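One chain, subunit A, links the two complexes that follow: it is found with subunit B in the first and with subunit C in the second.
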Partner chain A sequence: MSRKPVDIGDPDRLYTVTGGRSEADDAFDLVTLIVSECEPTAGMQSEHTRILELCRHPTALVEVSAELKLPITVVRILLGDLHAMGKVSARHPRAAESVATLPETALLQEVLHGLRNL
Partner chain B sequence: MSVPARPRQRRSAQKAGSSSAVFPTVLVVTAAGAGAAVGLAPEGARPWVAGTAIAAWACVAAVVAFTSARLRQAQRRTVSRTGELEMTKNNWMQHGAETDQLVNVTLPAIAKQLKGGTGTDEVLSALPTPSDPYLRRMLHVFTTEVAEAVRRTADAQSDLDMMRRELAQGTKELERLTNDTLPAAVSLLREGSSADTVLAKLDWPANPLLRSPAESFIRELAYSERRSAAAQAASAKALSRVQAKTVGMLADLRDMQDRHGGEIFGDLLRLDHSTSQLGLMTDRLALLMGGRSSRVWNKPIVMESILRGSVGRIAAYRRVRLHNSSKAAIAGFAAEGVMHLLAELMDNAANFSPPIDEVHVYVEERSAGLVITIEDSGLKMSDASMRRAEESVSGRITDLASLQGTRLGLSVVGRLAAKHGISVNYRPSSRGGTGVVVLLPPQLMAQQREPVTPERPRLSTDAPATTTASTAPSTVEETFPEQSLGITPTDEAFLADMPRRGTPATPNGLPVRAPGHTMAEAERGRPKTATPPSEAEQSGTGPARDAGSRFGAFHRGRQAGGTLGGSPAPSGEDAEHQTGPATDD
Partner chain C sequence: MGSATSELPAQRTPLADAAETGLKIVVVGGFGAGKTTLVRSVSEIRPLNTEEVMTQAGQGVDETAGVERKTTTTVAFDFGRISLNQRMVLYLFGAPGQERFWFLWDRLFSGTLGAIVLVDTRRMEDSWYAIDRLEHLKTPFVVAINRFDSDEPQFSLDEIRQALALKDHVPMVDCDARVRSSGKEVLITLVDHLYALALSQEGTS
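The block that comes next holds the complex of A and B.
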């Protein structure tokens, strides 16, 4: 047999996590900070529980996505659910005054490069 | 008839006897009458009367003499006739006696002797020969015929006996063939023996009439067994390729889902769903064909994932409502089977309920195991179909011949249930439809709670501010090695084991792989010793994780979101993967 002897990973497919939805309702930005408003309760979807536990401290959406190892869209949908239930609140990043105040892209890339080399 | 004539003859003889005495009397009386007449006659007429009287008497005398002579003659004749008659009668009586003797005594005696086996000549010589030639001939003919008949009877009897013996033998052989030989042969063939082996091994009837059909039957059966086995093996092999392809596609799709967002993401989910359904169908066929499931899990799978994994494989997954608060996990070896079983039952429930109604799945933990109830609100199943369903899921009938058309799912359920010792029962649902109660025995459950309880306090005392969700998936990964080694750790054993697990590293910090553990496992255990410094750092800074892991997560998230055009170096990503979750634990 050519197939692998064992499977690693999880049996859940993403559409079962989102309940078949593929479009997020709320427009959460990648860097929107998420904060839990309550403790996870029993019987909750495990992703919701993890998000609530993760976001006891403000956490960015991308970070949540990386921690849960789930695509951004799925996390957005899950957060949308939690937000609709009032279990999390979102802190949208303040828009930058102007593009000029932001650091140069080259500088950021350099920082990234340096970090990678650590 | 001569018998009534006898009295007449006797009467005439008597008459003749009496008449002989009558004649002299008549003569005397007439003479006396004539004398009286002569005496009485007048004198003158006396001579005339005397003459007349004499003449008349003479006439009478003459008549009487003549008559008596004739009478005597007739008497003599009568006597001779009577003698003849007597003789004839005697003859006839003798003849009758002989016939009588022949019919009543001789013929039965002959028949008896001939039946006794005496020869014809012997019989004839031993018996008194009848005087009558006709009777003699008749006796001869009779004897010959009877002898012939007796011979023929004996022949026929011996033939009959032979036939009976043959028949009895044939019946016995047939019975043995039917009751012993053929069943044994069929079971040998089912076990995979070849026709020649079976024919050589068993005792076949000597009768060619039985032997040749039995032999051709065995050869035909062996041929069809071989054909079905070959077909099954070929299907299983072909299906295993499809299964591998499906698993590969699912992995690819998951990968793409990480990379793409927006509309493509929705399409990918749809494709993923179709592929999952395809996987269920392929697995179903593969299991029926004696193949294996497409996936084998190397770690316990929590109930939530089990349910999602099952529901994701059916078409109407949106209609299935999962009610699960169980944190139990199914051991890796059984996880795929349980998922397939539940998927089939959910599929069945969804297919046999109205498309607007929901199917509810409840999970309860009981001492007997994990009880999963799947309830639909469709039409109540009829008693007959419920019985059929019960029979299908019982796993008693595993023959492919019992498959009916397209309804293969329940047979697969039966096989899986029998394989893992799962009990599946149908009952009317309180929602109006049908309920299926699945009882997963405790041996299928991963023993995760014993390890978790001592671990939790340790983590919480070490890192009170840690935000890691010490949820089931991560702890399950922790407990897997014990499962795979077949050890069920008790609390003490686990606690005693902890230090050893915690320090699989060389003095200068390089990981050491314990025998029987994978590198990843060793790697997971290692950073536990490195937790205190980071924890001290965390307690000062507030955030749960160090900045490096946070930045790594951020970076990964950006990559996953597909917002970065260029693909990052995979080595860097891998390194992050290793450190990211590891430091969390």
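The block that comes next holds the complex of A and C.
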């Protein structure tokens, strides 16, 4: 069985993966963290299965894209579908309560602290 | 694991389950300036590569054609990751600095904390467009001079500042992109700069 879901060089096949759509949902940032809310089920589209397996731990959209070897736009569409079905949740950048309420300086201090501890 | 027969990627290192917010820093620079090297030296994962397929109207792309048509362009970029703590994870993107990739920039840069312009002094002109664009987008940035072994001309930071027409407030730092501690210093220089900017803004608001 081929591991590559699609040949990324062929736009026609990308349309097949996304059901003919090319407009992606911009709500998902490159670093939005995706978390599976359920296990894959039999008969599910193979890309959906892969995403649900991958996102058992929080995984950024851009990592999903790299792991699935699919362009960002295609992954946005796939994630949009899974999200609409409630199969994944999305942790958008700085939407988390602990960060959203943080002043920019406090946020940056945390970043600095993290970097210094590397 | 048999490396010769297996195509499987190295085992992924998952994020902490408590990870809740992703942050972005973009590294820009000309071809061969060392963007991927810098990302690799500080990243906790082997840098990954992905691509964006951009469909755009033909205007400005092939002006001689004079015909409305759509062009599909694929732009590849690398990225790495640093878990700052249990909740926050920083993604570093290596973006090509050439003008023809402008359309990728807006997407990569939206919501970014700031940018690092990585300069190879043998090809300083490769940084002009990136700096121009960052200033236009009002994205805060620092300039890191990647000092390779073969960096013969050894321009001083002042000379480079002049050559790049950099304003005085833009921090500059020497680095060796291959060295983790050096890459880390570049990141800290940027975030220090961002912190100073944020502090002065909070002071005025």
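Convention: the second predicted complex is superposed on the first by the 80 of 118 C-alpha atoms of A that agree within 3 Å, B and C clash if a C-alpha of one lies under 4 Å from a C-alpha of the other, contacts with A are read in each partner's own complex, and residues count from 1 in each chain.
In this text, a residue touches a chain if its C-beta (ideal position, glycine included) is under 8 Å from a C-beta of that chain, and two chains touch if they have at least 3 such contacts.
Since this is a predicted model, take the numbers as computed values, not measurements.
When the two structures are aligned on the shared chain, A:T105 is found in touch with subunit C, with no touch to subunit B.
Contact with both subunit B and subunit C is seen for A:L30 once the two complexes are overlaid on the shared chain. In the superposition on chain A, A:E53 makes contact with subunit B only, while subunit C stays out of contact range. Residue contacts after overlaying the shared chain place A:T16 against subunit B, while subunit C stays out of touching range.
Of the two partner chains, subunit B is the only one that A:G43 touches; subunit C does not reach it. By the document's definition of touching, both partners, subunit B and subunit C, reach A:E67.
Contacts of A:G86 after superposition: neither subunit B nor subunit C is touched.
Residues 3, 8, 11, 14, 22, 30, 54, 56-57, 60, 62-63, 65-67, 71-73, 112, 115-116, 118 of subunit A lie at the contact with subunit B in one complex and at the contact with subunit C in the other. Of all residues in subunit B, those touching subunit A in their complex are 240-241, 243-244, 247, 250-251, 254, 257-258, 261-262, 265-266, 269-270, 272-273, 276, 294-299, 301-302, 304-306, 308-309, 311-312, 317-318, 323-325, 332, 335, 339, 467-469, 471-473, 542-544, 548, 550-558, 560-563, 572, 580. On subunit C, the positions that touch subunit A within their shared complex are 7, 9, 12, 14-17, 19-24, 42, 48-53, 55, 72, 74, 79, 81-85, 87-91, 93, 107-108, 110-111, 113, 180, 184, 187-188, 191-192, 194-195, 198-199, 201-202. On the side of subunit A, the complex with subunit C involves touching residues 3, 8, 11, 14, 22, 29-33, 54, 56-60, 62-63, 65-67, 69, 71-74, 91, 93-96, 98-99, 103-105, 108-116, 118. Only residues 1-3, 5-20, 22-23, 30, 42-43, 45-46, 49-50, 53-54, 56-57, 60-67, 71-73, 112, 115-116, 118 of subunit A touch subunit B when the two sit together in their complex.
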